[in-house]
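Each chain gets a letter, A, B, C, D, E and F, in the order it is written, and its residues are counted from 1.
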Amino acid sequence: MFAISLGDDQAELRPLEPWQAEEFLAHMDRARELVDPWIPFAGYATDLASARALLQRYADKQAADTGRLYGIWLDGGLVGGVLFQTFDAASGNCEIGVWLEPAAQGRGLITRAAERLIDWAVYERGMHRVEWDASPGNTRSIAVAKRLGMTRDGVLRQSYLYRGERHDSEIWSLLAPEWRARRA
Amino acid sequence: MFAISLGDDQAELRPLEPWQAEEFLAHMDRARELVDPWIPFAGYATDLASARALLQRYADKQAADTGRLYGIWLDGGLVGGVLFQTFDAASGNCEIGVWLEPAAQGRGLITRAAERLIDWAVYERGMHRVEWDASPGNTRSIAVAKRLGMTRDGVLRQSYLYRGERHDSEIWSLLAPEWRARRA
Amino acid sequence: MFAISLGDDQAELRPLEPWQAEEFLAHMDRARELVDPWIPFAGYATDLASARALLQRYADKQAADTGRLYGIWLDGGLVGGVLFQTFDAASGNCEIGVWLEPAAQGRGLITRAAERLIDWAVYERGMHRVEWDASPGNTRSIAVAKRLGMTRDGVLRQSYLYRGERHDSEIWSLLAPEWRARRA
Amino acid sequence: MFAISLGDDQAELRPLEPWQAEEFLAHMDRARELVDPWIPFAGYATDLASARALLQRYADKQAADTGRLYGIWLDGGLVGGVLFQTFDAASGNCEIGVWLEPAAQGRGLITRAAERLIDWAVYERGMHRVEWDASPGNTRSIAVAKRLGMTRDGVLRQSYLYRGERHDSEIWSLLAPEWRARRA
Amino acid sequence: MFAISLGDDQAELRPLEPWQAEEFLAHMDRARELVDPWIPFAGYATDLASARALLQRYADKQAADTGRLYGIWLDGGLVGGVLFQTFDAASGNCEIGVWLEPAAQGRGLITRAAERLIDWAVYERGMHRVEWDASPGNTRSIAVAKRLGMTRDGVLRQSYLYRGERHDSEIWSLLAPEWRARRA
Amino acid sequence: MFAISLGDDQAELRPLEPWQAEEFLAHMDRARELVDPWIPFAGYATDLASARALLQRYADKQAADTGRLYGIWLDGGLVGGVLFQTFDAASGNCEIGVWLEPAAQGRGLITRAAERLIDWAVYERGMHRVEWDASPGNTRSIAVAKRLGMTRDGVLRQSYLYRGERHDSEIWSLLAPEWRARRA
């Protein structure tokens, strides 16, 4: 029902729910190769049942106010998404993640969608710290973090296991006062 | 985050969730006298805990795709709402309910909001039958049902218990082909 | 353990529980062709696991006081049943359903069994409204509703989905004062 | 709805369910002094909430086929009960318990009700072993066990804690072949 | 992490948890022939999933303080175990069970491990009655019960069903004062 | 039952479970002033019910293999503890936390207990990364991290909310190869 315009190119941010599992799976199949190494959950949606289960997990998180997931549509097709992997209203901390299929890259969709989430987190929910985790080799993700004005807090050494190999995780963050100054 | 404009008067339809329980309760306190006899759930939200519980119940229904609840904001204040009391995607049947506080009446907000829900139910979710239950004495509610093009299916005799007395319930309905013809 | 005689022909009403799933399934197999179009749950009991699941669902409803299911035995064989599909003691509303296999029809078993349930609902539990839903084409069911003194409240248009087609549902009801007058 | 006559004196065995909690509590208050030392669960039903909780626990056991509880009515009043404290259909073992308020003693109600339960357990459910636990000082209970043809399997030393003191428990049992021989 | 020496032969008592399911299954496969007729749960651990499920059931019991299970290691290999099948701190009653694979028998491991459990139950947890159930034909088990100073409370006739045949169960018990006198 | 000696001074590491809630609360009352600013969970155990709830939460985590908590006893008294706040066997990541009451400080108990946990995590469970979170102002905690050979991965800015104020969190880590080299 709801949709937020992400700019002049008809891109839109919308809820993405379990009943849309088929559309989500078809998109994941297009996005998998690109997304897989960076976004751990991509590997969990490999058929209709697992795609629905992943969306259900986030529907449950939304009901509990501990996470949320939204899709990005371009020209009527689902091309990516943004999510609060964690959302802890009591402590004021949350973590944002993003993904996009190859055909939709290069337009700044991720940055625009992330800005919407951060606006909502900071201005409507009063969150204090927005975290962004990125693999050191994921240059696109790190570029977005920088574009959003984030600071690199550190590197969790060998904390992420992917296909049997361990990878570092960069932790970037943005504090509410920083975001407000930026948006002023 | 999301909002749908309901027309030129800045009225908006938005998600209404447990974290908004205080705002919901303040609104309910303004709406209670008017809403109470007609909308059974109004009586369940009488303090912060019960208001949060009612919103949580609908947040859980949304996660299960068995119901949804949205608020109507006017000039930045919550003035009413619309809801899917039931939503059964498998059978294609759902029931819509509405409420409004006195100060916001007379603008057609309910009709406009209900149209959005019906559009979504019929066009995006493929629902076949939208039901509307009204007390025979609730002339405003029945006027909306008529305005939406609904048909009165019958009267459930003495089926609704309110403050120790039994009241009839009128069942109105709208079928998907009727709605499509109307919107054509 | 318990049994109620339904008349001179040795017909009996008894509890029907999950441990009787084999007997229930064998009966359903005899009754299916006749029952299936009218009683939605018949389609759910097609093998031993689903037959047990259906009986378990009603055993759980009985424990929660939200529904009940009983079998009708004739000459020692299970030939049909009656059930409270819904039972809401707080509001005083309940819905009764019935089914019978072909060989047991024409003896008034359904009417006799339904009378027992209504007696219990009205006199022992203080229920106010007993509802009976019937497909307009199910002339036997409608004849029973009339025989029980019920009134047709209306027709829910196209509300029942069966094998891909939509059917109307007639809502019949009986109020406690009507039943008491009838039994006086 | 259901009732089994226990003999010429109008005594009846009937289901006893959570909605009958008030009647059960009033009876327990009459029976408590007598029942309390021998039947552990009597102490759990001391007000309406705990009485309902105890009946709900047995309603849930019945739904799971792991226990059952019935009341004994005399002259229209609840005067006692019989129960399957445990019922394990897979192993063929169950345990029967009984209680009665003082005014109803001396008529053999317990024996007659227990016979009904054993008949059902052995003949309808195929149970093999029916157990009866009694405090060595509970001479009435032991007399019933003997009257039912049970054998004393042993004495669990100091296994039952009542008001801070430890008591022995006699284990009596009846096997299906013994019951069949007796009833032949 | 934890381990208790059971004596000079390097035998040790340690926690045995779901993550050790493979080691447990391999041991069960060596122990099954001997254990199966006497210990009902041995039959539940026949592959990795069921072995893990059995250990998980006891991990959950430990979290609820209603049971516990430990392994016995000899020369670095899992050779048997001891368990609290039931543990009821409120009533002060618990039941101990044991098992051992053939190669580890004849060393008194079971007796030594059971002593540890009884010490903990009596001295640290204040339990009053420790029960030991044994098949009359399980002479080794009965010998251990005697060695621990237990008393035979009785024989539950035909209470244990194994491969379609019924067997008696001997109930042995030890009371806290008896244990304290023995250990004094 | 179990206990591990932490050295010559009779200090011991033992399970700490819900049934020990009274002992835990008395200790927490001695430790609170010192522990509170650094260990978020200390604030959750302020009376017997909350102390038991905290221990139960960790008992449940242990059953699920997602966390564990142990106590440190000195001269027979509970003086502190170590815990796996998180434990993810699939990814090989876990986080260790510690606390101690004032009277037990200065003996290296924390370091000795943490070494035991790390040994178990690395050698018995195959964990790869052990994390240690410390407030920058908690010099004792940081000293232990250094003593264990940990590396500072970064500082999560303003991520920890304590009494209405935000504090940074230092993330220290130890990798399995580093631990093995150190212990070699």
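Operating definition for what follows: a residue touches a chain if its C-beta (ideal position, glycine included) is under 8 Å from a C-beta of that chain, and two chains touch if they have at least 3 such contacts.
Just so we're clear, the structure is a prediction, and the values are computed from it rather than from any experiment.
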Going from chain B to chain E via touching chains takes a minimum number of steps equal to 3
The chains touching both chain A and chain E are F
Comparing contact pairs by residue number, the option in B-C, C-D or E-F matching A-F for over half of them is B-C
Comparing which residue numbers chain B and chain C contribute to their contact, where sharing over half means same and under half means different, the two sides are same
Top of the farthest list for chain A, CA-centroid basis, is D
Taking each chain's centre as the mean of its CA atoms, chain C sits from chain E at a distance in Å of 51
Flagged in chain A as touching 2+ other chains are none
Among line, ring, star, complete and other, the chain contact graph is ring
Per the touch rule above, chain F residues touching chain A in the complex are 90-93, 128-129, 131, 151-161, 166, 171, 173, 175
Chain B contacts chain A in the complex at 1-4, 15, 17-19, 56, 59-60, 62-63, 65, 89, 116-117, 120, 124-125
